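All chains are identified by letter, namely A, B, C and D, in their written order; residue positions are counted from 1 within each chain.
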Amino acid sequence: MINLQDMRDTARNMLAKNEVRGVIGYRRSTNGMLAEPVVITKPEQADELIWDPTCFHNLSLYLVEDRKFLAHTRAKADLPIAIIAKGCDARSTVVLMQENYFERKDVYIIGVSCEGTGVLDERKLVKKGIRATNSAFDGDDFVFTTEQGEQRIPAREVMADRCLECRECFPKEHNIVLGEDKTGRQLDAPFTALKRFEELDPAARWEFWDHQFERCIRCFACRSVCPMCYCDECIVDSTSFPVTGQTTADEKANRVKWIERSATRAENMTYHMTRVLHLAGRCIDCNECERVCPVNIPLRLLNNKMEREAREQFGYEPGASIGGPSLTASFLDTDPGKFIR
Amino acid sequence: MSDNIYLPELARITHIKEEIGGERSIKTYRVEPVEGAAFEHECGQCAMLSLFGRGEMMISIASSPLIKEYKQFSIMRVGRVSAAFHELEVGEVVGIRGPYGNSFPLDDWRGKNLVFIGGGVGLAPIWPLITTALAQRADFNNITVFYGARSASDLMYKAELDHMRSNADIQLSVDKAEPGWKEFCGFVPANVLDKKPSPDNTIAITCGPPIMIKFVIQNLQKLGFADEQIYTTIENKMKCGLGKCGRCNVGKDYVCTKGPVYSWAQLKELPEEY
Amino acid sequence: MSEQQAEVTTDYEPRIVAFLCKWCSSAGSDLAGVSRIQYPSNATPITVPCTGSISPNYILSALKKGADGVLVSGCHIGDCHYIEGNFLARRKIHLVKELLGFVGIEQDRFRMSWVSAAEGAKYSQVIKDFVEDLRPLGPQTKVKAGRS
Amino acid sequence: MEKILAKNKLDDWVAALSDWQVSAPIMEDDIWSYKASKGKVQLEHSNTVQPPKGFSFPQREVFFSFEQIKGQPPRLTPIQPKAARHAVFGVRPCDGAGAVRMDTVFNDQFQDNYYQARRSNVAYVGLACNKPQGINCFCQSVGGSPVSSQGMDVLMTDLGDRYYVAAVTETGKALMTAGGKVFGEPSADDKKKLKQTHADALAQPQRAINNVDAVPAKLKASFDSPLWEELARACIGCGACTFLCPTCHCFDINDENTSSSPLRGNRVRTWDNCQFPDFTMHTSGHNPRENQGARLRQRVNHKFQYFHENFGMSQCTGCGRCITECSVGVDIVNVVNKVTEHVG
């Protein structure tokens, strides 16, 4: 069981001792029972921090935002920034360091173990018809405060799919860690949802994805929320953000338009498939993209597929080590090649 | 204008003049409608030029409203559409829709002194005003044109300006001294301060890079110009020109319909979002 | 099925976009030409410096623009001019192929081959086989733009 | 025209609208969205994830196609929207109010022929909210009401086993007339019940914007407030809030080429979004709204200040979608309250 007071005290002490510039954590939002990301910079703000089943956000996104802000303002950061990181968040922080987005010394990881549970999938709760005003961890259950009083639900009934299949709910990479290491508490076998989907024949799979890609409204919430989607230059943007007064007209005029702005099936598909391939070996299954999709496109299936290929074909585990090679910039002599003529 | 507010009319390029060479070259185009008469416009208004397959761009009309047969545009090569425009030749057909935006209140200024202050390609938006005022020379008192650019080879409308010297006080400048340059050396705002145009019964109109405009206004204020005597134009990214696409607003005003012309008295009330 | 599709496929010629590595496969295709080896003209070759330089985006883009099949061809393992480019390609292309299949796009629409500069005959065979495999699939409409 | 419709007669009314395409909220992929009704309409929805604005302002619209053979002038072919009459059932009052805002924008100064061609064929059959549809409803704070008929052609109110159906416009009357005998006359009791239902609906608690009349002036005074940057700190700069907004109308125009020789393509309008950094970026790279704080300010000020100054009404209709669907808790009610409470 994680003691919230420990989390707050840790943040408070580090800020008071000027050991970190800020702490990226969760606080209560003004939108019902949900948590929201926050960056606190003063010790007295530490009591705003919370830890409950709605802390699903992958906060390593804000490490990226922080870097971008520093680069933009040409500011130098003398102190590290601290982050509250679940197992998955810690893995994506590792990927960012593996890609040299920042260095290990730039970040102070306050790991939190997800212990017996994971985090909530809000949609599963809505499907159960529960309207809660608060949620809390309690052993293997989530406890919700509703108009009818307290409601206790086994976590696995409303837990996010990725948490059910999680292999590493304990943040291995950390400076300090809160909670117990319950690695191996995995409730569903990895890739359970993926396997279920793959039982469909190709025609049925196509029918499924055809429908999904058509529904995309291209709000880019999936891209915006993804810590790995940090590129300054993305094929879906109308412009390249590194444009300055020195960029020549030719550079601007010759920029390749890989994808049109129209939210049609073909364009949407190109966008999502490009993104999935760009995330291969980098996606650590925080599943934020699927969570934030306003029209519920099951993006996790796509990312899971790549993750499993990487694992089974190339023995690659994303976010395993800072110094390790990246999936698509490395190879083994034993990589499968039978498909090549 | 047709009922279809997004459908451009076809217009043929009848004349191209290269004003300035180099990477950011400027060319002046004259376009005439392929069919029928061109729309009427007023000084300071803009038009949306189309190159099909490339897109649209909002450009201020650089010819006087007194000229009915063609419209003139001075285009700097800076982006996707403008770069493609620079590849065009006389006789080719482009799209045009407009006119858009408000205009300079020239009629209110009759009998006054006019001081024009332009920098770089910023001479183009006030060019219709200068040429109209000179065409109606008797209606106005003293006319002064300050114009400057980085170097002598970056000055546009050079021949036309020289031609105007008999009718107006032309004050040219280059940012840095160069061999053979006999006029003012230094930035445009400094030239204005140097020549000290009198604010009495005078309207000052300025257009150029934002940083230049800022210092021109400061210097005009030093010379005693009131905010109501200073006019400028602003620009923002535009897509529709019709006050609908929602990106060119400065505060509550869409620049494409409420602008681009503002007196400093009006502009200083708006947030600095341009 | 049947009649309507049969009608479409009879006078249907698959269009292939072939990304060929400059050092091997592109030279191999030249050799096929110079050696006057007959093979179908369905492939539009695009020469790239190395198969390792091929972004999945190229492949998706070709499909979006209406290619019925996409071929990636480069040097045999061990022969890469840049030492390891084709090793990297092998991984990347594997992922592309798996993903295409996963969303239900016929995996036969996408192919990779190793063709050296000396293998003109192999190049012609790769194209021949690809065209024959593509023919029964009919035109590619799944990723092609303009469908909706 | 005011009538009574038994709930089990709703499908009969829809069937009688043979000249009309009918859409209604349908639960699909775990979300409510407007879909073609296929003869069955059940109005049991909470509000849809996407507002009905797409019926008159689709996410993608082709203005015209162009074709140019080298050396010849281009040929333009305008694409006119297909004019099929479309009745949309189950529209909530916040979205009806949204339609009024959209109409205002697209008819201001220049009438948008594409929008108008679609809009004039769309009829909204509204459904009053007897209770708030979600925890983030705040229509009463922005001049709306859960039982408002603003923007509707017909307004229905759920009276338990029956709907009280009132025509608002001539189009609405025509829709009801087409239903003929499926409707009954409201009794005195029905009218009493309607009054009570509406009064109860208005009394339901909602979220609230404080001192709403003072908001435009206070926002104007807060343009340079450091709070914008702070409140936007978590914002990830996606387009969910604006794309799902019933009144966000910003768009982009692009040429999408389908062939390069001869040149062929379409000039296309697509939704755009003020929260994307490239929205206002000049060709030079200069961006007047450089950071997410400035972009959040634009979204809020446009709704609560600029629209008010230009058209005398709040552009926000209080549907709460931007709050509910924000993945990181950016909450427009909270933002407005926070920013304005810091001004005297």
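What we mean here is this: a residue touches a chain if its C-beta (ideal position, glycine included) is under 8 Å from a C-beta of that chain, and two chains touch if they have at least 3 such contacts.
If you're wondering where the values come from, they're calculated on a predicted model, not measured in any experiment.
Participant: Among all other chains, pick the one whose mean CA position is farthest from the mean CA position of subunit B.
Facilitator: C
Participant: Comparing B-D against A-B, which pair counts more contacting C-beta pairs?
Facilitator: Of A-B and B-D, it is B-D that has more C-beta pairs in contact.
Participant: Just curious, how far off is subunit D from subunit C if you go by their C-alpha centres, in Å?
Facilitator: The separation of the two C-alpha centroids amounts to 46 Å.
Participant: So how far apart, in whole Å, are subunit B and subunit C when each is placed at the average of its C-alpha atoms?
Facilitator: Roughly 53 Å, centre to centre.
Participant: Just curious, how far off is subunit D from subunit B if you go by their C-alpha centres, in Å?
Facilitator: 39
Participant: Which subunit A residues sit where two or more other chains touch them?
Facilitator: Within subunit A, the residues that touch at least two other chains are 252, 260, 264.
Participant: Enumerate the residues of subunit B that touch no fewer than two other chains.
Facilitator: Each of 78-80, 82 in subunit B touches at least two other chains.
Participant: What are the residue numbers in subunit D that touch two or more other chains?
Facilitator: 252, 254, 272, 281, 283-284
Participant: Touch graph of the chains shown: is it line, ring, star, complete or other?
Facilitator: It is other, because the touches fit no line, ring, star or complete pattern.
Participant: In the complex formed with subunit D, which residues of subunit B make contact?
Facilitator: Listed in rising order, the residues are 3-8, 10, 12, 34, 52-56, 78-80, 82, 93, 95, 235-237, 239-240, 242-252, 257, 271, 273-274.
Participant: Residue numbers of subunit A touching subunit B in their complex, please.
Facilitator: 248-250, 252-253, 255
Participant: Show which residues of subunit D lie in contact with subunit B when the two form their complex.
Facilitator: 63-64, 66, 68, 73-74, 76, 78, 105-106, 108-114, 223, 249-255, 257, 260, 263, 265, 267, 269, 272, 274, 279-284, 288-289, 294, 298, 301-302, 305-306, 309-310
Participant: List the residues on subunit A that touch subunit D in their complex, please.
Facilitator: Interface residues on the subunit A side: 29-32, 34-39, 57, 61-62, 72, 123, 127, 131, 215, 217-221, 223-225, 237-239, 241, 243-245, 247, 252, 260-264, 288, 291-292, 294-296.
Participant: Under the stated contact criterion, what part of subunit C meets subunit A in this complex?
Facilitator: Where subunit C meets subunit A, its residues are 56-57, 60-61, 64, 77, 84, 87-88, 90-92, 94-99, 101-106, 111-114, 126, 129, 142-148.
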